[in-house]
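Two complexes come next, and they have one chain in common, chain A, joined by chain B in the first and chain C in the second.
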Partner chain A sequence: MARIPHIALISAVAFAAAVAVATQMNDYLLYVVILWAIFASLAVSFDVLLGYTGYLSLAHGALFGLGAYTGAIMTTRAGAGFWLALPVAGLVTAGVAMVVALIAFRTRGLYFAVLTLGIGLIGHQMFLVASGLTGGVLGFAGIPGPGVPSWLPIDQNLWNTCLALALLLVTFLAAQVFVRSRLGAACIAVREDMTLAQALGIGISRARLSAFIFSGFFTGLAGALFAAINNFVAPESFTVLGTGFQLVALVVVGGMGTLWGPILGAALLTALPEALRMASGYSMLAYGVLLLVFILFAPKGFAGLIQRGAAVLRRPATRKLSPTKEGVR
Partner chain B sequence: MLEISDLRAGYGRMAVLHGLDLTAMPGRPTVVMGANGVGKTTLCRAITGLIPVWSGGIRLDGHDITCLSPAQRVRRGIALVPEGRQVFPDMTVRDNLRLGAYLRGEPGPSDLEQVEALFPILADRRRQTAGLLSGGEQQMLALARALMSRPRLLILDEPSQGLAPKAVAQVAEAVQRISESGVAILLVEQNMTLAETVGEWAVVLQGGRAEVEGPASTVLKSGAVEASYLGH
Partner chain C sequence: MKALRMAAVCLTALGLTMAHAAPALTDEILIGELHPLTGPASFYGIPESRGIQLAVEEINAAGGVRVGDQSQMLRLMTEDDHSTPTAGVAALKKLRAADVRFIIGPLGSGVAPALFPIIDRDSGVTQIVDGTIAEGVTNGRNIFRNQAAVSQYDLAVADLFRSKKYASVAMMTDRFHAGFMGTQPALSETLKSLNATVAAEEYYKLGDTDFSAAMTKLVSLQPEVLLIRGYPAEGALITRQARQLGYEGQVVWEMVSPPSTVLKNISATEMEGVYNCIPPTTEDYIALGQDKALAFDKAYQAKFGTTPGELSTLSYDAVYILKAAFEKAGSTENEAVNAALAAMRPEDVPQLISGYVAHQDGRLFDDVGQVNLRGAVSIWQGEGWVPVPDLAG
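Moving on, here comes the complex of A and B:
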């Protein structure tokens, strides 16, 4: 596995390159980049949970909304600045994620998915019902954006793009550190074989709980940034069927358990609907077909395709032993 | 060292162990024999804390450990090689070994050197994924991984399962060496050859109880094992 300093360096270069490209873009393209970066951040932190512990949560659409509404309420009603609201939204979401996890981890597999589905539905419904706080079905308008620092000679859209890209960078690096830690190793052991992990003395509850809280924190950050950049949020952005399942799709299409795959998955699945915007009826059709094609022909996602390609390029002569993991299992 | 008295345990409402007594100590490898379904694996799980105990006591060095978590028991020196030679197939041999030392943090180089000296094949295969090892090698890895926690009591749940006779002989040799280094051994087995090679003390389980107990040389030849399989 590559080391953290190398990954940090490569990520920082990629970030700088992305910002440089963004300076040449028009506002519409910037908006697509922002959407991609926010959903990529969501997908990366979701991958820490889904890819490394093997637990499928459908509550994350609602957690994303919780971060968004917390940020919105902080910056409007509480009069806090964006830079205070952002970490508070992360912490509040992480706290709620912990409570959700403590309940949900009493179950496994399908039961876990259905239980978190219930929590996702409750969350979405609360955003609708608690209209005093959230604005209900009409949405929450007038959320102040993250102001551009006065010393920076750039406009709001470019600044928003930089922030979204920075969130992706931070989330990605934090996730890399997490999965390499002892807790990360414990999460993998839990995913592979829970009883065996227990027999080795690995604290399975602590491992999977920390993965859930980790994903909750960064999901909250993404939510608050999403709200600030759009200046408006509505419950329809945080449904189980919309955002909840979309996160699963981003991670699976990108490549579960790789952290970088979901970034590519988010790029593909954000760009596609935008590219097909003219033919809006066909956009969701293409989306569905794309999911089918990936599950059937590239079950390890984008990342799996790239890894296989790299292995072929590296040693074309000794391909016989390239350990295709699907075959071993 | 390990004293189990009147142990009752089971799954749901079904009792499997009905008041089992057993002891194990260093220098006297204990082998537990018995047919399928008499509670051998349940016993291993109860000692390591993977299932709750209904009543009775488990003591380690005089301390009651009946209610401790699996992790606390590993910390006190109990290690289990689970049934069915379980390794993490997608991880490398090295990473499998590292997880064995999970509770001690990062294992020192001397730990890895020690187990690799005991199992040279694992040193050769260090970077390979464990799923590519042969059955015998995977069992060696499971054994070595258990040793990474520096146990004082090693519990082996049917290590011969699905292994070729040659691999069984290798397991026997390894267990003997571990025993000689001062680790107490509790071997749960159905394979007579392995039981005879390793065991000094033998216990025959029947109906969730220790039916016959004594020096391995006499118990294993007395026909008690055969009788337990035939249900007499």
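Moving on, here comes the complex of A and C:
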């Protein structure tokens, strides 16, 4: 397993490269990159839960919305600045995620998924019903964006893109640290064999609760950034059938339990609807076919395909070496 | 691996190609349009888009737009907003990246509020909203609307209640329709002030098909009127299920509802006598034998091989309003065009089909950029809607 400093270095280089490429993009492409980076952050944090503990949560669409509305309320009604609203949104969402987890972890498997589905539906309905706070179906307008620091000579769109990419970087590195910790190892034990893990005295409750809270915190951050960049949020962005299932798709297509796979999944599934913008009927078809193909033929997702491809590329090199070995012998 | 790399390259290339539309030439004006061309709202969006295409073609065929002492052709760039906020914002960004400075649309009441803050602070773009009826999406500076606001729909409902003296009403409203949900409390209060008891307010959502639980409750209350606000596919199903459950009161709709869509879910016989309270639409103008509407209908059918949609004339009008603004301003600079729009009078645009009424100061748009397109009552007779000129009759 690669060490954290190596991963951090590679990630930082990738971040710098992405920012450099972004400076050459028009506003539309920047917006597509923003959507990708936000959904990739969501997918990475979701992968910590789904990929490392095996628990499928369908409440994350609502948690994403909670982060968005918390950020919106903080900046518009509580008079907080963006940089205060962002962590508060993360913490509030993490707190709610903890409550959800404490209820939901009383169940397992399909029951867990169905229970979180119910929580996701309730959350979405709350955004509609609590119109005094959320604006209801009319949406929450006038959310201030993250202002560009005066010392930085870039425009708002590029700044938004940098923030979204930075969130992805932070989420990815934090997830790497988490899965390499004792808690991460315990999460894997939960995923592989919960009974055995319990028998070995591994604190499974603490591990899976931590994974859910971790995932909730970064989901909240992503929501708050999404709201600030769009200056507007509406409940339809946080439905179970929309965002809730989309997150599952990003992780499944990208490759569960890899952390970097969901980033590729998000790239593919964000670019696809935009590339097929004028034929979005086909876009949904392509979406469905992709899911089907990946589940049937590449259950380890994009990441699995790449790993398999890399293994195939490495094999001939080993063969080339063998005559030399024999020669030595 | 090679295949993967190829796929990634192709996808990137496709994205970049699509993002870099050819910039407008100096002798042409680039107009962007945003409508749902796919998805459940496309039955409104496609006919709107076609109305715009028709107007652009007509204008270009007649020599283009006279700006100062030169003629300029119109060029159209179409984007699908899927009727969702995120896709709508992406579509707007794409149009702006292609240097589009004049935009017509959107339709969706969820999309327009998402676009509003972006366009409101962008002095380099002028928008004419031709679809959504949600409140608060115009500013009279660079965002104007030639569609009615939902409060103008509600005036027709109030007229009907005032005239018929209905004693009670049950309301069924699309919970996700920002426009209707926004005026629900005000309409409810208005109806109460007209001595109608609001027996119940129930909600549904686009795509629902089973309303039996809500209908059983509403029918048991026996309101004199069942008022349905939303979209026609659900409106038809609600009406049919109410009738099947024995409801014999007056059904009143408040929605743009092409008969072709209505009749997919209900028979013409079951629709007989249903009222609809909206401003006149394409079909009404055609039914009334208005010359410009008849000519539009003929040209539309010749080009697209189908009848125009209910909102097609609004989109068609929007293009002519922009044309008149360019000519009046003698410029395509946004500031000048915005000023021309703000000062425009209905008689400045002789091609207009819809029955806009000038505001008190004679202008087409009021201070917040809203036209006066008051709702009217029509009734279903035979195979479609027929205007009711005299409510007392």
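The definition used in the following text is that the second predicted complex is superposed on the first by the 316 of 329 C-alpha atoms of A that agree within 3 Å, B and C clash if a C-alpha of one lies under 4 Å from a C-alpha of the other, contacts with A are read in each partner's own complex, and residues count from 1 in each chain.
The rule is simple: a contact is a pair of C-beta atoms (placed from the backbone, for glycine too) under 8 Å apart; a residue touches a chain by one contact, two chains touch by 3 or more.
Fair warning: this is a prediction, and the values are worked out from it, not measured in the lab.
Enquirer: Quick check for you: in the superposed arrangement, does A:185 touch first (chain B), second (chain C), both or neither?
Expert: first
Enquirer: Classify the contacts of A:155 with the two partner chains as first (chain B alone), second (chain C alone), both, or neither.
Expert: Neither chain B nor chain C is touched by A:155.
Enquirer: With both complexes superposed on chain A, which partner does A:200 reach: first (chain B), second (chain C), both or neither?
Expert: First partner only.
Enquirer: Between chain B and chain C, point out the one touching more chain A residues.
Expert: C
Enquirer: Given the touch rule stated above, what does A:234 touch, chain B (first), chain C (second), both, or neither?
Expert: The second partner, chain C, only.
Enquirer: Between chain B and chain C, which residues of chain A are contacted by each of them?
Expert: No residue sits in both footprints.
Enquirer: Once bound in the complex, which stretches of chain A touch chain B?
Expert: Listed in rising order, the residues of chain A that touch chain B are 182, 185-186, 188-189, 192-193, 195-203, 323, 325, 328-329.
Enquirer: List the residues on chain A that touch chain C in their complex, please.
Expert: Of all residues in chain A, those touching chain C are 26-32, 35, 128, 136-139, 141-142, 230-237, 268, 271-275, 277-281, 305-306, 309-310, 312-313.
Enquirer: Chain A touches which residues of chain C in the complex?
Expert: Counting only chain C, the residues touching chain A are 1, 4, 11-12, 14-16, 18-20, 37-39, 78-80, 82, 84-87, 89-91, 93-94, 96-98, 110, 113-114, 116-118, 134, 136, 175-178, 181-182.
Enquirer: Residues of chain B touching chain A in their complex?
Expert: Where chain B meets chain A, its residues are 48, 50, 70-71, 73-75, 80, 82, 86, 88-91, 95, 98-100, 102-103, 105, 129, 131-132, 145, 149.
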